[in-house]
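The chains carry the letters A, B, C and D, assigned in the order they are written, with residues numbered from 1 in each.
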Amino acid sequence: MRVAVIGASGYTGLELLRILLRHPDIELTAITSERNAGRAVADVYPAFRALLDLSFEAVDPPSLAARVDAAFAALPHAASAPVVRELVKAGARVVDLSADFRLRDPATYAAWYGEHAAPELLGQAVYGIPEFHREALRTTQLVAAPGCYPTSALLPLAPFLRERCIDPGTVMVDSKSGVSGAGRKADESLLLAEMAENCRAYNVGGAHRHVPEMEEQARGLAGCEVRFSFVPQLLPAVRGIATTVFARPTRTMTTEGACALLEAAYLEEPFVRVLPPGETPSLAAVRGSNFCDVAAVVDTRTGMLVLLSALDNLVKGAGGQAVQCFNVMAGLPETRGLLEAPFVP
Amino acid sequence: MRVAVIGASGYTGLELLRILLRHPDIELTAITSERNAGRAVADVYPAFRALLDLSFEAVDPPSLAARVDAAFAALPHAASAPVVRELVKAGARVVDLSADFRLRDPATYAAWYGEHAAPELLGQAVYGIPEFHREALRTTQLVAAPGCYPTSALLPLAPFLRERCIDPGTVMVDSKSGVSGAGRKADESLLLAEMAENCRAYNVGGAHRHVPEMEEQARGLAGCEVRFSFVPQLLPAVRGIATTVFARPTRTMTTEGACALLEAAYLEEPFVRVLPPGETPSLAAVRGSNFCDVAAVVDTRTGMLVLLSALDNLVKGAGGQAVQCFNVMAGLPETRGLLEAPFVP
Amino acid sequence: MRVAVIGASGYTGLELLRILLRHPDIELTAITSERNAGRAVADVYPAFRALLDLSFEAVDPPSLAARVDAAFAALPHAASAPVVRELVKAGARVVDLSADFRLRDPATYAAWYGEHAAPELLGQAVYGIPEFHREALRTTQLVAAPGCYPTSALLPLAPFLRERCIDPGTVMVDSKSGVSGAGRKADESLLLAEMAENCRAYNVGGAHRHVPEMEEQARGLAGCEVRFSFVPQLLPAVRGIATTVFARPTRTMTTEGACALLEAAYLEEPFVRVLPPGETPSLAAVRGSNFCDVAAVVDTRTGMLVLLSALDNLVKGAGGQAVQCFNVMAGLPETRGLLEAPFVP
Amino acid sequence: MRVAVIGASGYTGLELLRILLRHPDIELTAITSERNAGRAVADVYPAFRALLDLSFEAVDPPSLAARVDAAFAALPHAASAPVVRELVKAGARVVDLSADFRLRDPATYAAWYGEHAAPELLGQAVYGIPEFHREALRTTQLVAAPGCYPTSALLPLAPFLRERCIDPGTVMVDSKSGVSGAGRKADESLLLAEMAENCRAYNVGGAHRHVPEMEEQARGLAGCEVRFSFVPQLLPAVRGIATTVFARPTRTMTTEGACALLEAAYLEEPFVRVLPPGETPSLAAVRGSNFCDVAAVVDTRTGMLVLLSALDNLVKGAGGQAVQCFNVMAGLPETRGLLEAPFVP
């Protein structure tokens, strides 16, 4: 299958290259980058020397559509929608990793991102968490790969939302992310000299753009409005998201019961690993892999449900999950190219 | 003033040496370590070469009591109480950094740590957060320096607990600590190869020994029972604790109002810096200093109060705060030796 | 092909598991660890959960020999030789990653490691750098996988040694290694709190056990005695070796000429990437991969040849190169299972 | 003494603020930054909140000269000379941390940096390593604080150069620096996501601007031309320079003899710590301090002299040494404000 990666200069694009290079059914046919157009990928990113012969090209959707069967788009939001529209029109399958097709409601999109350039596609796009939307993914032409934070919060929460056994009024989420989540951009606050040994929250108080996405998906799972109080943080690390969720159970719950609910929900899932009671996820155990590790604890003193998850923001939080969705959409085995062992140590 | 550091081989002890060396009113007279007794401090810790001429000695409370006016004890819990008892009996002022004198109630101590070796001193010890107990510290002979996590959670919470404007039923705390908090011990899980790029929670669900301490102090501040759901985490960093607190306001609250409450509470405090609305604390801005930076945000979507704090676990979370207490107890200016700029970058 | 990993609890063993799991011609049949015998690998190393069903077993060479076609031994030196002897006797192909079979001369071995337990095998073992010994590897039954430092120094040096265009009297090598090279052991000096932001040399002055190995191989390449002045250093990083070599050319040399010599030597090599003049290797560009990047510069002011290399100590420096040797020995394509893109960012 | 810091937005300027704030004889009177002029220092750098009341101002040499007794200039090279000229003319003492006054010969300056803006001052400036130029510093009005790399290489080398017991033809230096040495600038290659777990050489082959400085000072020490082959490297760390020097002894030398030579040379020096034979410097033992730790080893196999040093590039490599020079120039005790313990762990 001939595939293009559109917007491959950022960390998400690079990770897609890394994953797609080892995918046995995919042939990387085109790689675009406005900023690096004309240069060999291996010259810009020496890591890919001897592995990849392509040069970056500028985005030209009609030309791309003629040469590929599918495309992964890793463009900034707003820039993505017009490109995706042309590719979809030309018949290509598209996995879009921007925020442009994650929200069903154009008004919500407008409130967080500005006017939408291709609102007619919003109804057609499927939100790309296969654990929730596998059937819809099989038949869609357009996948909206989710944000890294929503994936990390929703996977442990989903069974409890579906069972309606937690208070949907306020779910509290504290998520710690490696700095690759902030993208590959020359920003003083992301220098090693600033972030080594550092940790800081940002966009606290309902200000982060992943909130509407989490709430929309949670509503779909719970069948009612769910509100999140979300605190994102930057870690002194490159990759990974470690998420803590506090939720109030609406019925008596034990750690064992909560773990059993997770176990039952994810028994057949290849990429969600439910930890036994007493164990906690760690970024080290998922780094570089498409796994999301989840655990549940009921606090003995307060009765609160505490959920923990760990994933690699560039893999299960971005490029890996995008390929997982692609596999489903393309009728391939869902784990194809993705059962890589975590990068330890 | 002649001072001893008892149990100076761990990270807390080392940090005390670092701080006391620059304190103008203190003469370091004795430094103990069972494991290194007889060896020059500078041979064991080359960082102190050319700065410190003393050798480690074994603990001998009567001998120490005869040679010093005060002692900082950084021994493990249970090991500390008998030594402290002898020093106190001999008339020395003591700042104890173990858990042995933090809890008022011997039964609570027994439930978390085992039987107490010197229960008669529990009533006499003052919990060492000067921002809460300054008056009592002025006249005590024994200070129980608090845990690093309780300091980071209680400083931002205190004004809200005192005003009784949050629900005491469940305060949720997610605290991320540098690995120096786990001590200087040969433990595979703390190797750089294991913890670099890692982040993981531990002792989740009411299992961490700092919980009773937080609850006892919070009860003192609020005048009622307060329950904490506490999640400690290890960061891929050496120093620092970044804490997020979620609490439900019991009356309508705005970010500005919450910040104003913090401002009013800490206006005169030299070591608590209240950030203006919209700013968030970062470990980088407090590293190496005795500051605790605090901030408040009210989540616009849920109405939840989110408090954030950052401190250096070895300074305001341990050695620095111990010296701050000592200054108060000894009638010295409270900031003496402690107004060092943070270690940036 | 059924394969065992013997001594799989350390970082080298773990990396072998990671690599072998993705090797299409290999079936992992047995994994041994004295310390973890009887426990599921995935229980001891949660990263491997859902990927690996085996349990650790104790080493029993006869039983292993009956069940596998080949074995990778990652035991400590001296412990390895007796196990390897039995496996070889039983007909298994063995790649040994200890130091036990790297030196041809039993006296040299004895001087650095003590008496050898299976000296009769020394003549039979082939030193496992395929770029130097490919033909011998095709027909051997026993491979001595080299040390990580020698690989990083010898690959850039080899063309110059072969051409006899540098002074063999003193080659100076400064090598910086990630801490995984020191192994997975509870050692205070390797804690994150000790090694973060640190860098320190050790075993300076001809004291490191990789020196005789480098000198023996260099002698083989140059046809004369070569002496190394070797300075190993620990970096505040998990993986990677960055090596600087200073050598005195014996004839006039330019940067372009030196680069051309490297280019010519490695044109057909899949895992040695020669950088163009002006570029320098970086650990980031090889991390997680089996590549060794090499570069040459002739210092304009002194005429000295400066060689630089970067490799991942656990891949091209250990497990990856071991598998590369295995592929050659087993008649498989040499790159099988090894053309993974580096782990960026 | 009223003092200004000119160009205080970079890491060197920040470190000067940190050090000067604790200097008992200095009153920080003015802080300049073009880019931040008009803003409170504590607003731009929250670490300094509650410690520093000043606002950044634009550079105006006449106004500064009227208000201060001395100035530390941390401007880029070329930008510094004109400002320094005006300050010197107005009678202020100046410690310049740029490269503008480090070289005696205007032609050498021109070859590396371009035409000099104030060549008449070159003869007047004293190179700011007090261990070499203490007497001249006592009477000068202008100090040229040296580069961080030259300090780290010259301190261990000086006794051997003075004794003329090493071959001056080629001294080989491999220096590993924390990224703060590259300055506080938005540069993608310095992001945490790029430099964490990385290590890479740059400006290899006689291309680094610190080479002429090293050679000029070495010539002064040895009384003959000395040539350096210099390889600078970036470490995945914020601070520190760890330097390895290889030099060929011109007479028989032992490790003990080499150490004794260092010991004798630095016996009275407060900031150079000579390690006993067998110990090696580590960045951790000097971080945050003005110490330079040095060690010598003679390689038993090759006879080469290997020198090792560690210092904090922002302290002994920049701001700390600048203050040390200032103390000498101002007739204060040389260690005033500088005997801070290293920042461990």
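Heads up, the rule we're going with is that contacts are C-beta pairs under 8 Å (C-beta built on N, C-alpha and C of every residue); 3 or more make two chains touch, one makes a residue touch a chain.
Remember, predicted model here, so these are calculated numbers, not experimental data.
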item: Chain labels contacting subunit B and also subunit D; value: A, C
item: Chain whose Cα centroid lies at the greatest distance from that of subunit B; value: C
item: For subunit A paired with subunit D, centre-to-centre distance based on mean C-alpha positions, whole Å; value: 46
item: Distance from the mean Cα position of subunit B to that of subunit A, given in whole angstrom; value: 38
item: Inter-centroid spacing, subunit C versus subunit A (mean Cα positions, whole Å); value: 36
item: Multi-partner residues of subunit C (each touching 2 or more other chains); value: 11, 178, 180, 184, 193-197, 236-239, 282, 284, 345
item: Touching residues (chain side subunit B, partner subunit D) in the complex; value: 11, 14, 17-18, 21-22, 45-51, 180, 184, 196-197, 238-239, 270, 273, 275, 279, 282, 284-286, 288-289, 291, 293, 339-345
item: Contact set on subunit A toward subunit D in their complex; value: 11, 178-180, 184-188, 190-197, 236-238
item: Sites on subunit C touched by subunit D in the complex; value: 169-170, 172, 174, 176, 178, 193-202, 204-207, 211, 227-229, 231, 233, 235-240, 242, 244, 246, 248, 255, 280-284, 287, 297-302, 304, 306, 308, 310, 345
